[in-house]
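First chain written, first letter: the chains are A, B and C, and each begins at residue 1.
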Amino acid sequence: MPEKVKTKAPEKEEKEKVTPAAFLKNHATELTSYLGLVLVIILFFATNTNRLMYNLSSVIQSAAVYSVIALGAVFVYSMGFMDISIGQQVGVYVILMILCNNAIGGWPGLIVGMIAVLALALACGALNGSLGVILGLPSVVTSLFLMFFFTGVQMLLIEGTGENTIYLQDVTVRPEDRDMYSVMLVAIIIVVALVATYFFKYTKLGKYTRAIGANETTARQSGVNSIKWRMAGYMALGVCVALGSFVLLTRTGTAGKGTGSGYHMDIMICLILGGMPLKGGMKSKISAALVGSFTYTLLSSVLTTMHVDLNMINFVKAIIFLVIVLMTCRKKDGVLPR
Amino acid sequence: MKTSKRVIALCLTLVLCLALAACGGKGDGPKKATIGVGFFSASGNATVATKEFLAGLEEKLNVTFQYTVLSQTDEAQNISKVQELIAAGCDGIIITMDMGMDSILAECKAADVYVAGFLCDFDSSYRNNYDGVFKHPNFLGSVADGDCGEDVTRGYAFFDSLIEYNEKHTDAPIKHVSMCTFPSYAFPLQQTYVKQFTEKLDEYNTANPDKAIEYDPYDTDTDVLQFRAMDSTYFSKHDGVDAIISFCSGTMVYPSMVSAGKDKTIKLFASGYGDGDNAVFGSKGAFQTEMVSGVEAIVYPLVLLLNKINGVEFPDQPAEAERHSCASFIINSDEDMALFEKNIYLTAKAEDALLSADDVYNLTAFGNENATYADLVAFLSHMTIDDLK
Amino acid sequence: MKIVKKVFLTLLFPALMYLVMWLITSSDPDCYINGKNIFLSTDIIRTVLQNACQSVCVALAIWMQLKNGRFDFSIGASMILTAIIAGHIGTMTNSPIVALLVAVVCGIVLCGITSVVYMVGRLPIVIATIGVTLLYESLTYLVFGGGGIISYYQNSHLSVFGHLPGVLLPTGLAMALFLIFQNLTVSGRKGKILANNQSAGVNIGIYEQENVSRTYLFSGIIVGLAAIIYVSQNQVMPQSQLSTAGVMFSYIVSVYMGMFIGLASNNVIGIAIAAIGMEILKYGLNCMNLGGSGWQQIIMGVFVMSFYALSAQLDNIKALCRKIFKKEAHAKA
């Protein structure tokens, strides 16, 4: 059981002193992110005169994978690190689950696959978190290694099947009813969000990962075992990547060579849009994962329903991204930020 | 008072008649429809020419097109793209990929949207999931990029092209060839092409020992291109060849020949057409054969979709969706290339297509009451180089 | 003697790589054609040099910013967009020289825009460059019909800067520019100070924005030179979803390894030597039919990891070796 951290009393005192102006100043980034989300929600409902329910469930389908993985990624990003192997991990995990299902058959095969993937994800998390410290490497190098490794494994696994695409067999993971499926996905998002929030806000895991992000040396000098908590942070991400892979599998039921490609960057964009500071630290927020994921997905949907030319959508998205980060991430004074 | 009532009644009758006439007018033409097209590539002659061809049909068929690009390896991305097209208001979707079809069809069923294939043989679905795809009420069928199923003859066509070349160039015939393909998991038919080609060559060599053409045995490691440009070690592994028979796209082979300085010494017989190939074709360079499916083949899925959207069907419409081969432009000479250069594939002008908007309209069940499914399928076999003459 | 040692240490990596791959390919029957090991053919020189030149240029562009403390995600996107624009204009004019000039100008303009977004926006460099990357990638779908460029590298006349000996010109220029900037310009030296201690640098009077602008100017020229090689060797497709970062990452190995190899000589030489070593590895794998397969990725990953771990732990290894040898000496005594 994770240990609870008692930090409520000082927080209360601080809250009492906060004026509305100071609150706005201190929470400008969060407020802008929330405003962005509200804006795209309004636009979504305004532009979706036809097929509203269909498009809503499409958004939920896309956002579910992003949300689940981003919720785990918050633990790693709060330490000021990033993991560029997420996409390839997702690809390999989905393939492994299908291969186990095909080899053993039905639900038992899929469950074995899920357990194997969870174990693998935890091992990767532990490796990602510990190797950097033990071997004195930048965190990006260990994830670069995993990215190469999983890319190769994904290619070999798919080529080994002799097919371009592999399918789940004798098992239906996605409810026939689309609305039911949406409810299932929303339930998964809520459960994962609640668990992640609990660990991030009320346990040592969240507190120490943020402390490492704020200043690792200080955290270590204050008694934080940085290897242990780095590993724990990456393992939390691993669990969410494994779960996100399952959510993706429910959506497609198939996998190929390109499954999962680009997720590492999408997750980064989601977190930035949600107001996550990339340097990590105490301002890291779990809400950034949900706000960012839904903003990102809704934005794509809104632009499509507004009949923006599909070649122009990326341009519009890029402009919106730049405007949002200019509003939320701008450093006012001092040396140029790095 | 009576008069005014009569006038009002007359006016109302007129309004009613006009309204009825207007309604009747609306029913004359095809329904306004939006068709989404998911290409296999954002660029290249085929994509540009297809867009131009479709643009030329918009007015006559009362249809608008939305375009996107699908992934060859990521089924989740394809589902997202299909969802985007549905969100954009598409009534029918033409796709060029056979990945994640169960989920794509579930999406289309939920939104009451129809799907058909273009330049894709749906081989994976055909072999592994026939009932789930070909019997699905929202799937209407597909036209392949060249041969499919039992109709495969491309291996023989390559052999014929090679012999045609040697007959024209008796002074410097090709005596030694090697082959290359894409991986069999993605293009299983290319293995059949290899078999057909080598069988014919063996027969030829037995019958004509003085004109025998040596071939390097097809090697599943060396001769498979992993969807990237041919590696330069290929030329060391196939030292001394006069020609490469590329059952896969020539764009994966020719640049490597240029890079390795082999474009002047090795001839290339290839599938597909890459931008600028005509400048190095026949007497001008390395390319000696190119086999290309015409973009006009898109009328097959388009007509089927529009018929559905307009609530009509052919009298001989099959009960289940089908996949069909389409004839290829087999370009074997400078003269052939000159003809091909006048086709929409290269000119990107709708007026240079094999079919005009009126022709396509006449192929539909709502535009021509005598139109049949057999006519539509028959057109697919009339896209040869001879049809360009 | 010192120079000989430096040369020896610098060349050790590619020499070892060649030796190892020779031994491995010698025992692989796939590598023998007509009784000869194809790894030993002269083709290796052309292939390795051509590909290494591409790696060197991109690696230098990445390293230019990294050395100044900035991890620029937009290098890949700038290169791809530049390659498309330069390729099309080169094709229209049928001139590789025009393409080269356009590439350099375009590289400068795009890197200039990146620097403006970074400096005026005062955004963290990763966020600023991700934003710019998204923007440049989106433009690849909009410029010249959004089709990328396929035909340029098929044309032996136009793609002269992608093959030997033409490829040596942009590569040599990029290396010379990097050396000049780092060693002979005030901006280069000030950049080193800023990279070591940004606040201290600003406090002693370095005008940071001017320094960043000049660094990006040089970076832009190198990106342009990298782009002309890229478009001369590859078909360039429109990109999205930060896929250009993947293109960039595929060249980053040379940067990290070059940093280490460069300790014996110079960073630029280190990067060039690292690129050559990695291309020898790839060539050997291609001879064994493992090029482009999953095994190549896995071997690359393991290699990068091992190399990095070894270089990071070099001092500890040295200390351990000293300890072992001392013990042996004591035992012998």
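Just so we're on the same page, a contact is a pair of C-beta atoms (placed from the backbone, for glycine too) under 8 Å apart; a residue touches a chain by one contact, two chains touch by 3 or more.
As the structure is a prediction and not an experimental result, all values here were calculated from the model.
Asks: Just grab the chain with the largest centre-to-centre distance to chain C, centres being mean Cα coordinates.
Replies: So the chain farthest away from chain C turns out to be B.
Asks: By raw count of C-beta pairs in contact, what's the busiest chain pair here?
Replies: Most contacting pair of chains: A-C.
Asks: Roughly how far is chain A from chain C, going centre to centre by Cα mean, in whole Å?
Replies: 30
Asks: Nearest whole angstrom, what separates the Cα centre of chain A from the Cα centre of chain B?
Replies: 39
Asks: For chain B, which residues are shared contacts with two or more other chains?
Replies: Each of 42 in chain B touches at least two other chains.
Asks: Going by the touch rule set out above, which residues of chain C reach two or more other chains?
Replies: 141, 146, 293
Asks: Residue numbers in chain A touching 2 or more other chains?
Replies: Residue numbers touching two or more other chains: 159, 311.
Asks: Help me check something: in the complex, which residues belonging to chain A touch chain C?
Replies: Interface residues on chain A, with respect to chain C: 84, 131, 135-137, 141-142, 144-149, 151-157, 159, 262, 265-266, 268-269, 272, 278-279, 311-312, 314-319, 321-322, 325-326, 329-332, 334-338.
Asks: Mind pulling up the chain C residues that touch chain B in the complex?
Replies: Residues in contact with chain B: 30, 33-34, 38, 41, 43, 46-47, 50, 141, 145-148, 150-151, 153-156, 159, 162-163, 233-235, 237-238, 283, 286-287, 289, 291-293.
Asks: In their shared complex, at which residues does chain A touch chain B?
Replies: So the residues of chain A touching chain B come out as 48, 50-51, 54-55, 58, 61-62, 65, 158-159, 161-165, 167, 174, 178, 248, 251-261, 300-301, 304-305, 307, 310-311.
Asks: Hey, which residues of chain B end up touching chain A in the complex?
Replies: Spelled out, the residues of chain B in touch with chain A are 42, 66-68, 71-77, 79-80, 83-84, 86-89, 98-100, 102-103, 106-107, 110-111, 124, 128-129, 183-186.
Asks: Quick check: in the complex, which residue numbers of chain C touch chain A?
Replies: Residue positions touching the partner: 69-70, 117-119, 121-128, 130-132, 134-135, 137-139, 141-142, 146, 198-199, 202, 208-209, 212, 240-243, 245, 249, 252, 256, 293-302, 304-305, 308-309, 312-313.
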